[in-house]
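Chain IDs A, B, C, D and E follow the sequence of writing; residue 1 opens each chain.
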Amino acid sequence: RPEKKPEVDRIVFALDWTPNTNHTGLFLARDRGYYALEGIEVEFRESDMDFIEMVAGGSAQFGMAAQEQVLQARASTAGIPVVAIAAIVQHNTSGFASPLGRGIESPEDFEGNTYSGWGTELELAFLRTLMEKQGADFDQVSIINQSAGNFIASMEIEADFAWIYYGWDGINCELEDYPINFILLQSIEPDLDFYSPVIITSERVIEENPDLIRRFLKATARGYLDAITDPQGAVDSLEKVAGGLDRQLLLASQLYLNGRYIDDAPYWGAMRSETWIRFAAWMQERDLLDQPIDVGAAFDTSFLPGEEGP
Amino acid sequence: MRLFSTDKRMNPTNAGGRFALRVLPPLLLVVILIAALQLLADTGVIRHYVLPAPGEVARSLVQDFAVMGNYALCTLRIALPGFLLSALTGTAFALLMDRFILLSHTAYPFIVISQTIPTLVITPVIVLIFGYGDMASLIVVILVCFFPVTINLLQGLRSVDDDLLQMMHTMGASRAAILRHLKFPASLPSFFAGIRISSTYCVMAAVLAEWAGGGEGIGIYMLRMKRSFRYSAMFASILWIIALSLIFYAVALFAERFSMPWRERPAGQTDRRSLS
Amino acid sequence: MTARTIVLSCENMQKYYGQQLILYDINLELSQGELVSILGQSGTGKTTLFNVLTGMDQDASGTVFRGSRIGYMLQKDMLLPWKRLIDNVALPFVLAGESKKTARGKAESYLSVFGLQGLAYRYPSQLSGGQRRRAAFLRTYLYSRNLMLLDEPFTGLDAITRGQLYEWLLEHKEKLGISILLITHDIEEAIALSDRIYVLSQGPPSTLWPPLQVKTNSGADEKPDPAKWREQTENLREEIRRRIFTVI
Amino acid sequence: MRLFSTDKRMNPTNAGGRFALRVLPPLLLVVILIAALQLLADTGVIRHYVLPAPGEVARSLVQDFAVMGNYALCTLRIALPGFLLSALTGTAFALLMDRFILLSHTAYPFIVISQTIPTLVITPVIVLIFGYGDMASLIVVILVCFFPVTINLLQGLRSVDDDLLQMMHTMGASRAAILRHLKFPASLPSFFAGIRISSTYCVMAAVLAEWAGGGEGIGIYMLRMKRSFRYSAMFASILWIIALSLIFYAVALFAERFSMPWRERPAGQTDRRSLS
Amino acid sequence: MTARTIVLSCENMQKYYGQQLILYDINLELSQGELVSILGQSGTGKTTLFNVLTGMDQDASGTVFRGSRIGYMLQKDMLLPWKRLIDNVALPFVLAGESKKTARGKAESYLSVFGLQGLAYRYPSQLSGGQRRRAAFLRTYLYSRNLMLLDEPFTGLDAITRGQLYEWLLEHKEKLGISILLITHDIEEAIALSDRIYVLSQGPPSTLWPPLQVKTNSGADEKPDPAKWREQTENLREEIRRRIFTVI
């Protein structure tokens, strides 16, 4: 680069969960020095709570979140100023899963079964939408709050189906030889094809340091492209960040995601307005947003390296 | 030096005065704190997603009163029996461990261990054993709350004055009689120290139980609010949790006062500070 | 001499605290209906001896025989702070399984003898030192009217209250045949009350002197010649003093 | 009835015997429990994703010893100073509240309130205010652990024997002297009851802090293992948490023993039970 | 009569427990170098009086004058269970700011006078009742050598130990001009030790009789004629008994 920065930008990245294959591009980019090349030094922080607030408040410059969280955060009366700047995976990979033996093949079959929930309104809205679409009665489902620590255990001790991300829990079921029925959300209701997860930043960073975002995304995109071509290397990086994870699971999950990072999009990170608007409309309809919002302000793809690549 | 006779118990303003002394200062502090928070929120120093403005919280509290009240009732339905059972379990453990040395040696480490495992980890095992439902939630509450009672009561039982014990033995008192007439009254202060701690924890424990996979109560409601970024409603539900907890605490305090009449300071000896 | 029933005895008893021998070769007998005093310098081991005799302290060697249950009045008053005076006094009845109400009823009538009338519903912290001691004494008496071991029961009482209790005790002893072992520091009291007197020698280790006979067992009712009695008492007093002071 | 002299302190087998009595029973129970779990796992009654087989947990414990040890060390770096600071804070609060009635009336409700808010709720707020890092974690640990110390010590300070207090006053003892020579030693048993409870909680509190974003330690590792379905490693890290907690507890117990030499039962009065 | 310095006085003092009047119209004086005893039936209010005089109990009416700091030996021994005997005894020095070591050093030399030699490193629970009382006495003495209020200091001690302490006390009183107010139940003791004797009447409410003079202030060294002394003593004894027994 011609204008050499005298000092590096130290930034914090707030992970949305335990390090997993959604994050591998970030870790690869750091390992392979792509961030360093851009004059950035990244520190990853993991927790599953308040990562959005951390980004909004400036404790972290970037973070990861789900699309619905970005929308809800912006629609809240607190008006949390976070903006999605890149999609990790192009299509929703989540859906309702159940052990094969329960015979839950379509949303109609939810009736009379027990749903193991996470205690969010969103999943119940998913459930209701899918069932209404098929003319099933939502009230026939008994809903519990999951107590078991994982999907399979929950199925074994307390419930019949749950909402999972296939790329993680679904893959684990494959590895455990635990056959499941899986109903992908958008296979029933196309509106539910949302971006999950996305990389977020705050309006303040966009205002004050757009260049940082550009450089950050450039390096990050390189990382994810590397992950696609080098799944082994991606998993290596992930293991370096979070020792002790099950390599077999990581690899299988990584292979599952590899084809889905870019998928039908023109380039990595791309987000279509239509997806945002449709999903936001659905949320609005289901009363999941406190107030109407300007969906266009919730995401910004202008910082992505784009078509010409990083 | 001149001494004046003041029969303090005859002074009618005194009870009211003491009450004012107990209630006014914290109330005043609360008011000041709320005002300060409102100011900080209004001037934008504290963002709403860190701490919402008290005014908004109040509005939410009023608006959603019925809804939250219902959820709170659900939590109470676990917290109250859970607390009572904890007091019972804690007492039983302490008594058994005081009575049977071997049991004490055997059980003690497990009791301590039961406290060192985060609730979120232990809940699945409880559900596995007892099945999903209120029973599991109750057990979570008990698991959290029995421990302070056990430790404190056991300490109390074991610090009973040796000479009094000796006296009871000389009168041929049975173990049960020694317990009833000596050990239990002697350890009431310790017992109540444990009860105070447990009463403080029990609503929180019921909330934990909800989170870890139990019925729907104010804890679940709170989490839902938090997850959908409705901070004022979330803080309003925290206020509910606090209020419920304080009720438990106040009742415990009240029970403590009334169960030890002999500890009332004898009249005329309330003030021990020597004059100049 | 009439045939005596031994109600309490101790043979060849020895007691250590840690490495230190406190009591050695203790031999003692108490017969039915007898009042025997034990005197000895402070710290010689009187209380320790009582603890062994009552079985409170089992870390001693030797043989102890107890013919009846023992009412033991400890040196400290040991009232239960959470019980009112009446309930403290009635404790033996409650422990025997009676209801609180009947127990209180039974105990109540004794209060005035012990000068405790009007104090029944006080907590121990609201009593004077002497009142507490009397309550403890009464409680002991109500626990066992056959055999009492009393550790300084009259300490801290004025001459008049003492006198009343002496009288009451001797009267009841005659009437009911109570056996009493009594620790006291008051030589006059010992002489006035006792049938026999043991003195614990200065130690450590301490041992018991052979008992001194005060009253002749036969014809307790006949008053001895006053002059002779006075001389005898004076001798006794001197002998007790000498014994207390002597290291064996 | 014949009495035998047995100077128990001179008996060399006794110390060993007492140790065996303390350690063997729980150990035995552990062994039985483990065997039972292994059996249940081997026969397929309990599947590994519900509860892993002890054998696997043991293997994971051995294999990942160094890794887990490192993470545990990170947790310890928070738990230890956090615990010490809690003991200090708790003591300071209790002393101040014992000394200043008005402060006590004002602060007490807030101290109770601080305990009624679930840690999982308050921790993120703390992390939001203090940012990611050790400071936030320390504060979380202190918040969890100071309370039992405060309540117990305060109870101890307030139940000091009135007559002894009177005696100290007659000797013109200053407040500080009364505290040092009377109140503090008298309330040591209560204090240590509080310390026992806190020592049990402190590692768990550090883990909770980690979960909320307070740093990487054994808690984060455990969560990762749980989320990547490595149940045996997850339980192995729970064992680490338990072990750390037990060490804290044991040290507290040890300190308790050694700080009250006057409570040693005098020789020869160890056994108070009356013979038949 | 020489000019007397009053070190402690009480005028028109009145004390209620709740609604009950315990002490009324109490007037009392103690001069420099004087030993004054207070006798009275158990439960009349002697300890209560001391509590008011020392300022422990401030819920009373009347006027109290204290000319010096007061060493107050309470009726219970009140040793701190967590301090060894020597540290209990040395507490006044420690409270005065001296190091533990110097305080122990200063206290140590007194132990043998009080018959506590060899017990310095025992905890109170390892002492006999009399040993604890003597330790409490010594502690009080070390706190204030000018003015002591002693609530039954010799209770629970044998005649010999008592005698030693009497002798020591009188000697030191002569030498240092200590003023002492003493509660006792032992009339002989009161007569043997006191300059004057107050008797608290039977109550409630109780009040003080005017003091009885025992020793004449002038020419304390001259021994009075034995026969006259015996007669005088006998009268005194009778008078005290009468007063104790009388309800005013």
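As a working rule, contacts are C-beta pairs under 8 Å (C-beta built on N, C-alpha and C of every residue); 3 or more make two chains touch, one makes a residue touch a chain.
Please read all numbers here as calculations on a predicted model, not as lab measurements.
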- Check every other chain and keep only those touching both chain B and chain E; list them. C, D
- Query: Where each step is a move between two chains that touch, what is the least number of such steps from chain A to chain E?
  - Reply: 2
- Note on the structure: Interface with most residue-pair contacts lies between B-D
- Query: So what's the Cα centroid distance for chain C and chain D, whole Å?
  - Reply: 49
- Message: As a quick test, compute the distance in whole Å between the mean CA positions of chain A and chain B.
- Response: 40
- Would you pick out the residues of chain E that each touch at least 2 other chains? 17, 56, 76, 125-126
- Within chain B, the set of residues that touch 2 or more other chains is 49-50, 121, 124, 128, 162, 166, 169-170, 172, 211, 266, 269, 272, 274
- Sites on chain A at which at least two other chains make contact: 53, 57, 148-149, 153, 157
- Within their complex, state which residues of chain A touch chain D. 12, 14, 17-20, 45-51, 53-54, 57, 59-60, 148-150, 152-153, 156-157, 172, 176, 242-246, 249-250
- Message: Quick check on the complex: what are the chain E residues that touch chain C?
- Response: 17, 39-43, 45-48, 75-76, 115, 126-131, 134, 152, 155-162, 185-187, 241, 244-245
- Note on the structure: In the complex, chain D touches chain A at residues 47, 49-50, 64, 67, 120, 123-124, 127-128, 131-132, 211-213, 216, 220-221, 223-230, 233-234
- Message: Under the definition above, what is the set of chain C residues touching chain B in their complex?
- Response: 54, 56, 69-72, 74, 76, 78, 80-83, 91-92, 94-95, 123, 125-126, 139, 143
- chain D - residues contacting chain B, complex: 21-23, 25-26, 28-29, 46, 50-51, 101-102, 105-110, 112-113, 115-118, 120-121, 125, 128-129, 147-148, 151-152, 155, 159, 162, 165-166, 169-170, 172, 189-190, 192-193, 196-197, 200-201, 203-204, 207-208, 219, 222, 226, 238, 241-242, 245-246, 249, 265, 269, 272-274
